[in-house]
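Here is the structure we will look at, set down as structure tokens.
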Amino acid sequence: MSTVVNTSGLPARPITSSPYFTPLITVLLLAMLLGAGGAAYPGFLSLQVMFNLLIDNAFLLVIAVGMSFVILSGGIDLSVGSVLALTTMICAYMLQTWHLPPLLVIGIALAVGALFGAAMGAMIHYFKLQPFIVTLAGMFLARGLCYLISINSITIEDPFFVALSQTQLPIGDCFISPGALIALVTLVIAIYVAHCTPFGRAIYAIGGNEQSALMMGLRVARTKVLIYAFSGFCAALAGVLFSFYMLSGYGLHAQGTELDAIAAVVIGGTLLSGGYGYVAGALTGVLVLGAIQTLIAFDGTLSSWWTKIVIGALLFIFCVVQRVMTMRGNKK
Amino acid sequence: AKPLVIGFSQVGAESEWRTANTVSIKDAAKKEGITLKFADAQQKQESQVKAIRSFIAQRVDVIAFSPVVESGWDTVLREAKRANIPVILTDRAVNVSDPSLYVSFLGSDFVEEGRRAGRWLVERQKKTPDAVLNIVELQGTVGSAPALDRKKGFEEVIAGNSKLKMLRSQTGDFTRAKGKEVMEAFLKAEGKKINVLYAHNDDMAIGAIQAIEEAGLKPGKDILVISIDGVKGAFEAMIAGKLNVTVECNPLLGPQLMQIARDVAAGKPVPKRVVTQESVFPAEVAAKEFPNRKY
Amino acid sequence: MHSPSARVAAPTGTNLPMLVQHSLFRPLAALAILLLIDLFMIPGFFHLELKDGHLYGALIDIANRAAPLILAAIGMTLVIATRGIDISVGATVAISGTVAAMLIGGTMVMQNGTPAYVANTPMWLALAAAMGAALVCGAWNGALVAGLGLQPIVATLILMVAGRGLAQLLTDGQIITVYYQPFFFIGSGYLLGLPFSLFIVAAVFIVTALMLRRTALGLFIQSVGINPVAARLAGIRTAVLIFLVYVFCSACAGVAGLMITSNIKSADANNAGLLLELDAILAVTLGGTSLAGGKFSLAGSVVGALIIQTLTYTIYSIGLPPEVNMVVKSVVVFLVCVSQSPEFKNMWRRAFPARPKGNAS
Amino acid sequence: MTMTTTSSSPVLELRGISKAFTGVQALNSVSLDLYPGEVHTLMGQNGAGKSTLIKVLTGVHMPDSGQILLAGQPIQPQSTLEAQHHGISTVYQEVNLCPNLSVAENIFIGRYPRKFGRIDWSAMRRQAAGLLERMQVRIDVGAPLAQYPLAIQQMVAISRSLLVSAKVLILDEPTSSLDEKEVDLLFSVLRGLREQGMAILFVTHFLDQTYAISDRITVMRNGEREGEYLASELSRVDLVNKMVGAPAISGAGAATGAAPDAVAAQEATAATEPATAVSAGDGTAEASAAPSRFQTFLRAVGLSRKGALQPLDLEIRQGELLGLAGLLGSGRTEAARLLFGADKADGGKITVDGKERSFTSPRDAIAAGIGFCSEDRKHEGAILDLSVRENLILALQARGGIMQAIPMKRQQQLAQEYVKALGIKTASIETPIGSLSGGNQQKVLLARWLVTDPKLLILDEPTRGIDVRAKQEIMDYVAALCRKGMSILFISSELPEVLRVSDRIVVMRDRKACGEYPRGALDDTTVLHVIAAGDQHA
């Protein structure tokens, strides 16, 4: 009589409605993809190939981590690919022309990225502009700035960068690159921030309902600016990793990476409308994209257009299976 | 014996030229009984690096690739070297600290192409020694190697000539639509002043030719049109008298590439630089050449 | 947008004339400023002349060039109004253009000295097939978004990635050149002295506007965009509506594809309509439609598209080096967007108060 | 003005606050004093400016003029955060929480318990469960808020506001979706806070509640303060008169009875009864002339949905007002949604007018002549950016289909008609519905269904947030429609109201029907018994 509402009468919540369900499906699908690759192509399932997935996609992972924050808050950041390119350009230019110490260069590059993001975040928040448009313009701007620095590609010869580029950290008889480690560390920090700090939770709240977040007294303005600053920072960090990876600065680097990052985040189970998802999903998403590419390279018979079609088809399968499974799970 | 396995990382399929290049390589491999692992990088350097890494993981016999960009190849090429896989570059060069990272570079010389275009114009100018020729230029994609080099080569040659004046230079992104659009704008801004159009590829030239016609001028006569590549469309335009000259940039690298690959695999020495056979096709020879064109 | 007040509470400005209050005012003003710059920077910019019965001039060029973008923007407006987005527009353009070009093709046959051209397939059939292909693209997107409930960006990303691949598959990676005069009429023909493409755009615009005005379509689309749950409970077939909107958007893109293909007389599967989707989205926003869905302005999108094309044209004509193109474009976008934001208007009013009545402090 | 009995100096003073929106002067020089250790109730008709006053006070809106003094010091809160820092804690009229976060987080976000610098999740859950326990809500606090019905969400919002050690607590219609028992619990919590010296500002439309809890009442009318009174010195009749403006009620006998608010209001509106003259169904036969009255219109057999509703048999007759009573989560809303096709039923049959139907979408139900007014107006009802007119004709237009656009003239005529008939307070029919006060939005949504002239109208909490007088008007209006042959399924958490208006009452408990009673078979006490026990089948 005294109990107003009681859960005892409710059926146990099924696994499918658990918030972990979508990411779980993605992990399963990824395992299936890798399994299929292993069955079809000898050598595919070797440890080094798996490490290569991380090494080759380290920069994408870092970008996707930043993008996760933005998407969780209900926004989007299209400028990341260009900011990455701009960072490589800044690094290369300052190293090659001004011969600044590499650590200072990295610091400056990261600061520029974060400031760039913060500026966009401020415009989005204070002028109530659409994130899509502001970051689209940001994308043009950052690319354009690359060309203003130089339209040529600049090779980086700085010994520190070269050393980092060529260091291989052995694990068994395989190896992993410092860049991949940095990316993983970034991921871990981001997961901690998202789930264990008030800032992280505020991101989720804003993604859930910005108006409510404001009414609940959260610092929406600060959080939003910080989110985009973080995304810009991640893009710049990815740019630094990319510089290690490529040892060059170039205005045409990483074209379309923003879409890869968005796709990775979404495949990782984060809802584009904001509020739902896990930062860790970025890793699964990135690995899925990487695995698709590796699979295609191992196959080695696809024409250019077939490559595109197959990528599209695999994306389709991923999205549909994920969607159908979740719909089954909590059909309402 | 086991057939030779070549891993080839292509830039993409962004133009007809590139497609012809791919087809040539695939056909040549098939004809020679070589197993070709083909990967399309969709214009992304990072994809090429990934593809090369996966070739190393698959332990192919030879790796060949057309680099998207010149710089940034040291690390992955070192990995290839450590795995004892020889690397051949096609079409574009790379900028590495240690030249032993690749065994051979097969391809055209973009700067030279630009120079050839320039030289043709200088020759042509001699026919009308007094007139000043105003040039407009349609560049390729901003920052891309062919765009930079073709501009450089061309400028090098016309630099000393006071009768050749560059009026406008703008990017047409290597596409017909953009070429046409930019040319329209040039025509509106400069009007009849324009005497020469130099386009970094045939596609932009073909687009621009349409713009010139729609403006009521005669391409090839009122405005001289120079372009680079030598695709079929360019020959048709030359036959119709709308294009004056195209500098060939030969995509048919397949047979030469397979030959080098075989030599490398057999341990034979190969030249570090193999320049593809290329020529300049002025309109006069177009009709005769046309039936021989493969792309 | 969760707060309705954002848009409602904004201007109380009583001293401004009605004109300034109109939602089209700012986009139009931006366009006017650009044209003004052209007037001073480009000699003879506004000059129009009649050449063999064709009106000829920079303005005509801009309008003509903007035609495909306007079409794409019209389709995109409706998609955005339902809270969606379609980033596969460029791919659809490539597909429809390729299908048309392949079917028409046209071979140059030398008939006693004069080159004559014949179409491989009757043109109407080719056009129908091209539009059919575009509609299939739209149906695919629509099914993924409305049927499966995928998020619009991701759903259309699939076609964006695969679409050009499909088009290239058809052409084997070649640029298909068309040699068939009647086909060229769509993209570069003239009617009554004006480019024919303008008539197509006008027709699509008028039909769409009429549909929105005269039927309940506009109301339904807005309802779905603002509150899909409530719209469904009010009895609107939300899924069908969303599906149709994507089909419509692709149809617009299909026509744009025909126009582009016809204009350059060839189908370039890899480059036709490249990044058109971004420009279309930009046009819609510059026109004052919010990406959050709901209220939209079709005319605004047209103006937005004209702004973009005028800007592009200006950049090409005033002799800017190509490497600054993007910087200029981004700066203009920033300026136009900021000037449109109500917050900016408020700040402006606070910074330069037009002597309003009694203030709080 | 009456003298105050409690402590001498107010914690919070509002001085001459004015606020105008486009076309509306929402507040006109309103003053208000809040004293510590007092419950101060704000009363007024829909659109009187109560919510606006609260929003000004808490930094959501900037006042055009006026002053806010906290403990004598002027403050100008620019945001809710700032207001919170000043010790002002608020529950707004529309639930403002994040649906994606867990219940516990919604309570604690912004002030998490920390351990080693990071959020202490387990402590947070424990404390959240404890807080809700005070209101006797026992739910899984780890589950996302969106899983719970509106009432629970409201409790969560209240718990959140209780968490801060605030000086001032503001509650804007917190009880609109709660039933009596929960209201009692809430009140006991509030009394506790009052003892501790907190100043509480409370908004409600329920006279009972007003008198149960308040020490002081401020009445607002048309954006102005009508007056401030001690609750003990103001009779119900006077209160209603002051809210409405005209001395509409002749004092006697209104102060007692099961539903005094209703009684008072009934009389208040006696004169305006002809408001129902607007005929929703011009063509339908007069009530008495309709031979079909009380023939079965809709019959549901074994209607069920996993996890939401146990098989339910329900019969609705023509021209009948069927009440659905029950506690929170008893499945009333679920039943309504299934009848309307808003959710898909797992099993069961629905027969309408003798024909078997299956509703896979609301459209099907609408085609069969059913209308449904949802309890969640923010998410399932109002289309905020659209105008009153557009919101009002939406269902009618949807039924007519895309092609048959209702001519603008007719739209305006309909809108004007209903704005007048239901007394909707709006600047114009072209005003976006989002800028109407909560109660007026509700009226527009009701009108949305009335214009479609449905054969069966399902009203899920239709009077939530509607003022005393309007509630009466609406219920009378609905009753008149019933007499003309429309069937109504009426769901309300206000038992007295259900008892008063229903021809027949179905009581639900634990997601199934547990009894059916004709009019008059239940009274205030027996119905509680039935709901609680559920086993006394009639």
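In this document, chain identifiers A, B, C and D correspond to the written order of the chains, with residue numbering beginning at 1 in each.
We adopt the following convention: a residue touches a chain if its C-beta (ideal position, glycine included) is under 8 Å from a C-beta of that chain, and two chains touch if they have at least 3 such contacts.
Please read these numbers as outputs of a predicted model, since none were measured by experiment.
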item: Winner on C-beta contact pairs when A-C is weighed against C-D; value: A-C
item: Distance between the centres, which are taken as Cα means, of chain C and chain A, whole angstrom; value: 30
item: Length of the line joining the C-alpha centres of chain C and chain D, rounded to whole Å; value: 44
item: Gap in Å, rounded to a whole number, between the CA centres of chain D and chain B; value: 72
item: Approximate Å spacing (C-alpha centroids) for the pair chain B, chain C; value: 33
item: Residues within chain B bordering two or more other chains; value: 13, 19, 22, 142-143
item: Interface hub residues of chain C, defined as touching at least two other chains; value: 168, 173, 322-323, 325
item: Contacting chain pairs - touch in the sense defined above; value: A-B, A-C, A-D, B-C, C-D
item: Residues of chain C defined as touching chain A within the complex; value: 2-3, 6, 85, 144, 148-151, 153-155, 157-169, 173, 278, 281-282, 285, 290-292, 322-331, 333-334, 337-338, 341-344
item: Interfacial residue positions of chain D with respect to chain A in the complex; value: 60, 79-81, 83-84, 90, 92, 96-101, 105, 109-110, 112, 118-119, 135-140, 143-144, 151-152, 160, 181-182, 185, 306-307, 327-329, 343, 510-511, 532
item: Residue numbers on chain A that touch chain D, as the complex places them; value: 1-7, 9-11, 13, 19, 192, 196-198, 201-202, 204-205, 207-209, 211-219, 275-276, 332
item: Residue ranges of chain A touching chain C (in the complex, touch as defined); value: 76, 123, 126-130, 132-134, 136-141, 143-145, 147-148, 151, 209-212, 259, 262-263, 266, 271-273, 303-309, 311-313, 315-316, 319-320, 323-324, 327
item: Chain A residues within the chain B interface of the complex; value: 41, 43, 46, 48-49, 52, 55-56, 59, 146-147, 151-157, 162, 165-166, 242, 245-248, 250-256, 290, 293-294, 296-298, 300-305, 307-308
